[in-house]
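One chain, chain A, appears in both complexes that follow, with chain B as partner in the first and chain C in the second.
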Partner chain A sequence: MKTVKYEDEKIKSRDIMIAVPSMVISIGVLSYPKFLAESTIAADGWMTIILGGIIAVLYTWIVAKLAVSFPSQSFLSYASSLVSKPVAICLTLLFVSYGISLTAFEIRAIADISHQYLFERTPIEVIMLTFLLVVVYAVSGSRAGIFRLNTMFLPIIFAATLFLVFFSIGYMEVDNMLPMFKTDLQGHLQGTMDSSLSYTGVGILLFYISLVKDPKKAPGSAALGMSSAVIIYLVVYLTCIAVFGDVTTENIRFPFIELAKSVEIPGGFFERTESIFFVIWIMAIFTTTVMAFDVSVMALNSIFPNITKTKIIFFLSPFIFFLSMIPKDFLEMKTIANFLGYFGWGLTGTTVIILWAIYKLKGGKQNEK
Partner chain B sequence: MARSLFNRMRSQKQTNQATEQTKFSIQINKKLDDNLKNMKQMLGDPVDLVIRELILGGTRVAILYINGITDGNLINNNILKTIQDNLKQLESNGSKDSKDTNEPNESKKSKETKDSNLLDKVYQEIIAITDIEKYTTMDEVSFAVLNGSTALFIDGMDTVLLMGTTGGESRAIEEPDSESLIRGPRDGFVENITTNMTLIRRDIKDPNLRFKTYEVGKSSKQKLVVSYVEGITNPDIVNEINRRLKTIDIDYLSDSSFIEQWIEDSFMSPFPQIQSTERPDSVSSSLMQGKVAILLDGSPFALIAPTNFADALQSMEDYNQRWIPATFLRILRYFCAFLAVFLPSIYVALVSYHPGMIPSILTYSIAATREGVPFPAAIEAILMAVTFEILHEAGVRLPKIVAQTIGIVGGLVIGEAAVSAGIVSPIMVIVTALTAIASFSIPLYTVTITFRGLRFAFIIAASILGLYGLVLMYIVVNIHLVNLKSIGIPYTTPFAPFFGRDWTDLIIRAPITKLTKRPAYLKTIDEQSKNPKPERRKG
Partner chain C sequence: MKSKLPCLSFTFCLLFVFLTGCWDSVEVEERAFNTGIAVDLAEEQGENTTYEMTTQFVVPSGLGTAGEAGGGKAFRNLQQTGESLYDINASIARQTSEKSNIEHLDVVIISKDIAEETGLFTNILDVFVRQQNMRRGILLAIGDEKAKDILNVEAEQEKVPSQYVTKLLEGNENPITTEPVRVGDIQEYLLSNRSFIIPKLSVFSKNSINYEGLAVFRGKTGQMVDSLEGEDAKGLNMIIGKNQQGSITAAVDDDQVTYSISEGSSKIKLTNKDKNNLVFQVDIDLTAQIREFNGSLDFYKRENMDKVEKVLKEEIKKIAEGSVKKVKDDLQVDVLTFGNYLRIHHYALWKEVEKDWDYGENYFAKSDININVNTNVQTPGNSIQLTEDDGGEG
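What follows is the complex of A and B.
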C-alpha cells in the first residue's frame, strides 16, 4: 500500500545515533565496574574508560565511514565487490553467528539476573522463553519499528540512570575516590581492554547504515551515539566507586544494580529499588537483543533473498533458545561474555581493516556516487 | 498475512461493485398519468407520497414529493404559491398560443413547443428555489425524491424538474455529551451533514477549504464529505484517504464509525487509528493543523485522520486554558493514563511476587487487610476489574434515571459488602476505584475503552510473571504501537520518529504565541500556522 512517504524501511542518521547507545548499553554496564575495579586502584578507572571510549568512538566512526562509502548497498554486496563473493558470504555468516550468540547470551543473562533480583522459584526456561517470544515479535515487525522502539526506550534508560545517580549523591564518599593516579601501566592496559570490550555491537553499523537516508551524516551521528554511551559508562563507574569504594565494587557481581539497592527513594513508595531499576533495564537489554537478532536475520536474508524474513526468524528462534541453555553457571557466562567481546571486536575489526585496505587499493572513490 | 487477505477481499469486492454499476434506466414517458403510475409503482405506493395535480395554461402538471423528508414551507411558498401567482399570466399565454395555431395538423407540434415553453418558463421564471435541475430518467427522479426533492411532471414532456426541498425534522445544535469542556464553544455536530458543514465553514472562512463529496451506502445513498484545506494538508494523505474511501461497499452506514473501521490501517489493533469527535472546534483546529476530516450524513461524529497516540491524551480544553494550567492538565492526564493501565497490575505484581518492595509498614497493613481473603491478588484484581466493567457497561446502557441506581448499587453495596464479606481487600477496592477515576479523565472515549482492555492484559501478565511480565507486556504494547500507522503516519510520532518541534504541543502545551508552526509529523505543505513575530511586538 503506497501511503504517505515516511519511506518505511529507511531511517535517518539520527536513528543511528540512537541505535548505537541502545545496542552498546545492555548487560555489560551492570557488571563492568566490577572488572574495572579489579584492575585499577580507587577511581583511576576513569582514565581507562575515557581511553577505551576514545578508541571505541574512533572505531565506530571508522566502521560507519566504511559502510557509508557504499550508500544503500547491503554489506554482502559491497563486501562481494571488494573481496570476492565466497569470502563475503563467509564474513556475513560470521556476523550471523555473532548476532545469534549475542542474542542467546543476552537472553540467558536476563534470565540469570531476574533470578537473582526478581524471583527465585520461576524456572529460567520460562523467563527466557517469554523474553525470546517478545524479541521475536519485535523482529517480525518492520525494521523501522525497531528503530522507533529504540527512540522510545533510550530516553527511559537514560532517565533511569540519571535518576539513580542523582539519588546516590547522598551516599557518595570522597575517600572512596582517593588516592588518585596510583594504578600501574599494566592495570591501565588491562582496564582499557576491559572497558573497550564492553562497547560491543558496533558491527550492526555495517548492516544498518545501508538503510540510512542521509548517509553523509551517519559517521558523525554514530560517533556521537557512542560518546553518549561512553559518558553513561563513565558516570555509572564513578558513582559505583564513590558509593562502594573499589574493594566492595570488586566483590559485587552487578555493582550498578546494587547501587539501586543502596539508595532510597524519598517518599517511601518503594523499597528495594533495585528490582524496579532492573525491570527498567530490561528495556535496555531488550533493544540490544532485538538488534542483534535483527542484524542476523538481515544478514541471512541478504545471503538467501528468496527465504522470507518470517521463515528465517522461525528457523533461528529455537536454535537461539537451545544455545542460550548451554552455559551452566555464572563463571561460564563470564567466559562467554569475554569470548563474545573478543569475537565482536575481532570480527568487526578484521573485517573493517581488510575491507578498508582493499577499498583503498582498488582506488577508493570509484564506488561513490 | 491477515492484512493482505483482507486487502484482497476488498479489491474483489471493488470489482464486483464495478460490474453492478451498469444500471438500466427507464426513460420518462410523455404521458403524465403513466409517469405518476410508474412512480407509484416504483416506490410501492407509500402513504407518505404526496401528489398534487394542477393545471397550468391548459396543461396538466403534477408535483410529487415525500412528506416528512421535505421542507413543507418551501414547497408551499416557493413552488405552489409562485405557480398560482403566475397562473393568470400563463393561462393568457396559453390561450394566445392556441389562437395563433389554427391549423389542425400543426396542433400536435405546437402543443409540444407550448409544453417546452411552459417547462422553460417554469424553470426559468416561476420556481423560487435555487437548487433546480432537469432529469430524464425515472431512476434519477426516484432517488432524488427519496432524498427529499420535489419533482414536477408536465404532461407531454419527457423531462422532469427536480427541486431541492430537502428538509424535515432534525435535532437542534446542542452541546455534545461525549466531550464536554469547561471553557470553549458549546456547539456540537448534529445528524444533518449540511448543518455540520456549515459549522465548519463558520469557523474557517478560507477559500482553500475543500469539501469533497462522495455517496456511500448502496441502499442508504448517504452523503460523505472529505474536508481539508488545500495548500496546508499533505496531498498524499488526502489521496490515500480518498483511495480507501472508494473501496467502501456497504448497504447502510449507521454511523461514521463504519467508515473508520473500513479505512483504518490495522483492524487487529486495539488502538483507534482515526479520531472521532462531536466538536466542530476540534475539527476546525485539526484542519488547520493539516489533518483531514470526514463527515457522514446521519452521524454527529466527524472523523479526523491521521491521528497519533498523543492525540488521545489531548483535549480542546488544553488550548482554551492558559498554558501553565494546560500543561499541568496534560501531565496529569499522562499520569492518569499510566494509572488507568498499570495500577491494578502493579498492585498484583507487588503483592503476589515482590512483597519486599512495598514499604514494610504498608506490607503489614496490606497483609492484615488481605487476611481472610480467599483468593490470590490476581483473581481479586480481575474480579474487581470485571465488576467495575459490568457496572460501567450497565450504567452506559441504562436510561439516565436508572443509571443512578447502578451507581449506588455498585459503589455502596458491592464495594462495601464485598469487603465486609471478605471477598476482596479494602486496598483492592481503592485500587479499582482509583483506576476507574483515572480512566475517566482521558478525554477520548474510544481510547478509554482501549486502556480498559489493556488493563486486563497487564493484570494477567503481572499475575504470571510479576514485574517481569509487566515490563514484557509494556514492551509488547510498544512493539505494537511502533508498527501501527494511521493513514500511513506512524502512530508513535512525534515520540518516534522524533520531531522535536512537535514537543512544544505534546506533554507540555507551550504558550499560544510560541505555537507558530503546524505539526512537523504531518509534513504539511505550508508549515507556518501564524506569523511568528508580528510587527507590533517589536515596539
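What follows is the complex of A and C.
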C-alpha cells in the first residue's frame, strides 16, 4: 500500500489542541442532552456542564502535564521507568483494550444511527464494514496524516453545529429555559457525573504527546482544546432545551438529530437539513474512531516493536468487527456506553494518579535538565 | 508490480460491491411524495377502533413548471382502512406504482370524532413522533367533519390541497387563529400534561377551506373537549398575548365602530397565593386604530377620543371575560397558560398544585381571574368624518 510520506512524524502542540475536541466530540453529543435533561430541571444543566467541563479541563491538563514531563518518550518507556516494565505493559494492554472496545463501540453506534435514520434496508453489518474499512485506511497511513485530517474536519464540525444552532433560534422559546436554579443537589451531582462521562478519550494524550515537537505548550493547548469541546456541548444542550423543553428532550433518543430534523431553513427549497448534518456527524465520529484505533495500534507497537504497523492493523480489524457485532440491541449499547465512560475515566485517572505519585516520590528528576 | 496484481484485482472487485450504491437507493422519479394525511374513523368498526387514512401524493406532472402550467390534477388521494396507521400505510403502498416517501409530509388532519374519543388522538400521534422519517415540524389540524374532505378541496390558487392547508395554517395572523401547531409541540404538551389548542378547519365551499377556530384539548387525557370560535378564540388570544392583531367591533353611542389592533401584549400576575383560591391578574395592553365608524364625532376633541378608547377597553374586557368563563368555568381546562406561568414564576407553588391543576382537584377552575385592559387608540384614520356632525347627538 502506498501512503503519502510527510517530512517527519512529528506534530505541533496546536495539533494536540485540535485532537482533543476531535476525540471528545463523538456519539455522545447526539444523545447526552437527554440524560442531562433527566436529572436536571429546565435549563439548569448548564451549570453541571460547566462544572463537569472544568473537571474535564483540569484533568486533561494534568494528563498532558504528566506526559510532557517525559518529552519524546513513549508511554511504555516512561511508565516502565516509574512502575517497572511488567506493570507498564499491563497498563498499556489495558489502554489497548479500551481503545479497541471504543473503536468497536463507535463503529456499531454510527451504524445503528445510520441504519435508523438513513439506510433502512442496508444490513447493519455492511454499514459497519464499510465504515471500518475507511477507518482502517486512515489508520494504516501516516500518523501525522490523522492530525491533518482532524485539522480539516474540526472547523467543519464546529461551523455546522453553530449553523444548526443559528437556524434553531426561530424555534426557541424562553419559557422552556425557565424556571432557573430549581434542581436539587442530587440532580446536580448526577448531571455533573453524566456530563463529565461524555468527555471521554483524554487518555490518547498519554500516547500522542510523545510525538509533539514543542511539548512545553502541550498541556495548555490540550486544556484549551477541551474547553472548546465543553463550549460546544453547552451550546448544543441549551439549544435542545430551548427548542424542545426539558420534558420532551428527556423523551427523545437523539435530541441533536431531532433538532436538525425540526429545523427548516427559510425558503422552503431545502426541507431536509439533517442529511447534511449526518455527513458532518459521521466526520466527528470518524475522527474519534480513527484516533481510538490508532492509539491502540501505537500502544501495541510499543510493546511489540518488531511487528509492522500494518500487520497489527490487519490483525485487529476482524477482531474489532466481531466485537462490534456483539451488542444485541440499543439497551445493551447503552450499558456498554456507560461502561466505556467509567472505564475510560477510571483507567486514565488511576494511571495518572499512580504515575504522578511515583514520579513525585522519586523526586521528578529523571528528565529535568 | 506483478505480485500485487491479484491483490489489486480483488480490491477492485470489492469496490464494485461497495460503490454500486446502497440497498436503499431509490430514484427520485420512483418516489411518490406524501404531503398530507387525513385520519377519520372508518364507517365500519371492527373489534378494535378502525381508522380510515387518506394520504395525499403530489403528482409532479400536474404541477407544471415555472413557465407553463401543468395539465390535470396535481394530487391524488389514496385511502385504506385498518387498525394501525403504519399498517394502513403499508396497505396504501400496495396501490401505488412508486415508493411512498413520507419525509416531505407537511400536514396531518385528524377528524373531530377521533379527537373527542378518549385516548385515540394520542394513539394516532405516536407514529408521527416515533417513526424515524417523520419530522417534528409536521403541522396538525382538526377537521370539523370528515378530515378527508379537506384534502379534496381544490382551490384555484393552490394545486395541491395539503399545500393550501399548510399555507392557511402558517400564514394566518388574525385574532381567532393560533400559531401553527406542530407534532413536536403536542408531544411536549402531552408529556407535561399541559392543555393545548389545535387549529380547527372545515370545508367552507367546494373550493375553499375555513379556519374555523381552535379545538381545545385536555393535556392530561389528550382528548378534545370543545372548540373555541369567534369571540371566545379572540379572548383567548387577548389573554395569552399572541395573535392579538385584528379587528374588534363595538358601539359608541349606538354608532358602530371597528378598531384594528396593531400591537399588544399581556402580562399575568399572581395576586393571591392560597392554592385553593388563586387569584390571577391579567394586564392586557393594546394599541389600536379606528378603521370604520358609522357615526360622526370630532376626534380632534380629547373627550371623544377618550370615549372611543373606553368603549374599546370595555369591549375587550367583555370578550376576555367571556372566554375565561367558557374555558375556566365550563370546560375547566387551562389553555390560557396560567399553569405555565406558575411553573416559571412560582415553582414551589406549582409543584404543590401540578398534580391537580386542571383535572382532579382542579385548582385552575377554583381560581379567580381578573382582567385589566389598557388601550391606546392612536389615530382616527385618514379623515375625521364622512357626514357632518349635526351636534344634536354625540
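Note that the second predicted complex is superposed on the first by the 356 of 369 C-alpha atoms of A that agree within 3 Å, B and C clash if a C-alpha of one lies under 4 Å from a C-alpha of the other, contacts with A are read in each partner's own complex, and residues count from 1 in each chain.
In this section, a contact is a pair of C-beta atoms (placed from the backbone, for glycine too) under 8 Å apart; a residue touches a chain by one contact, two chains touch by 3 or more.
Quick caveat: nothing in here was measured; it's all calculated off a predicted structure.
In the superposition on chain A, A:Thr151 makes contact with chain B only, while chain C stays out of contact range.
In the overlay built on the shared chain, the residue A:Glu120 is in contact with chain C alone; chain B does not reach it.
By the touch criterion defined above, A:Ile282 lies against chain B but remains apart from chain C after alignment on the C-alpha atoms of chain A. In the superposed model, A:Asp112 lies in contact with neither chain B nor chain C.
Of the two partner chains placed by the overlay, chain B and chain C both lie in contact with A:Thr130.
Once chain A of one complex is fitted onto chain A of the other, the partner contacts of A:Leu178 are limited to chain C, with no touch recorded for chain B. Of the two partner chains placed by the overlay, only chain B lies in contact with A:Arg14; chain C stays clear of it. Of the two partner chains placed by the overlay, only chain C lies in contact with A:Glu258; chain B stays clear of it. Considering which of chain B and chain C touches more of chain A, the answer is B. In the superposed model, A:Asp194 makes contact with neither chain B nor chain C.
The interface of chain A with chain B overlaps its interface with chain C at residues 118-119, 122, 126, 130, 271-272. Those residues of chain B that touch chain A in the complex are listed here as 7, 234, 236-237, 240, 306, 353-354, 356-360, 465-472, 475-476, 478-479, 482-483, 485, 487-490, 492, 495-498, 523. Those residues of chain A that touch chain B in the shared complex are 1-6, 12, 14-15, 114, 118-119, 122, 126-127, 130-131, 134, 137-138, 141-142, 144-153, 268-272, 275-276, 279-280, 282-283, 286. The residues of chain A lying in touch with chain C in their complex are 116-123, 126, 130, 133, 175, 178-179, 182, 244-245, 247-248, 250-251, 258, 261-262, 264, 271-272. By the touch criterion given at the top, residues 18, 22-24, 103-104, 132, 135-137, 182, 184, 187-188, 191-192, 340, 343-345, 347 of chain C touch chain A in their complex.
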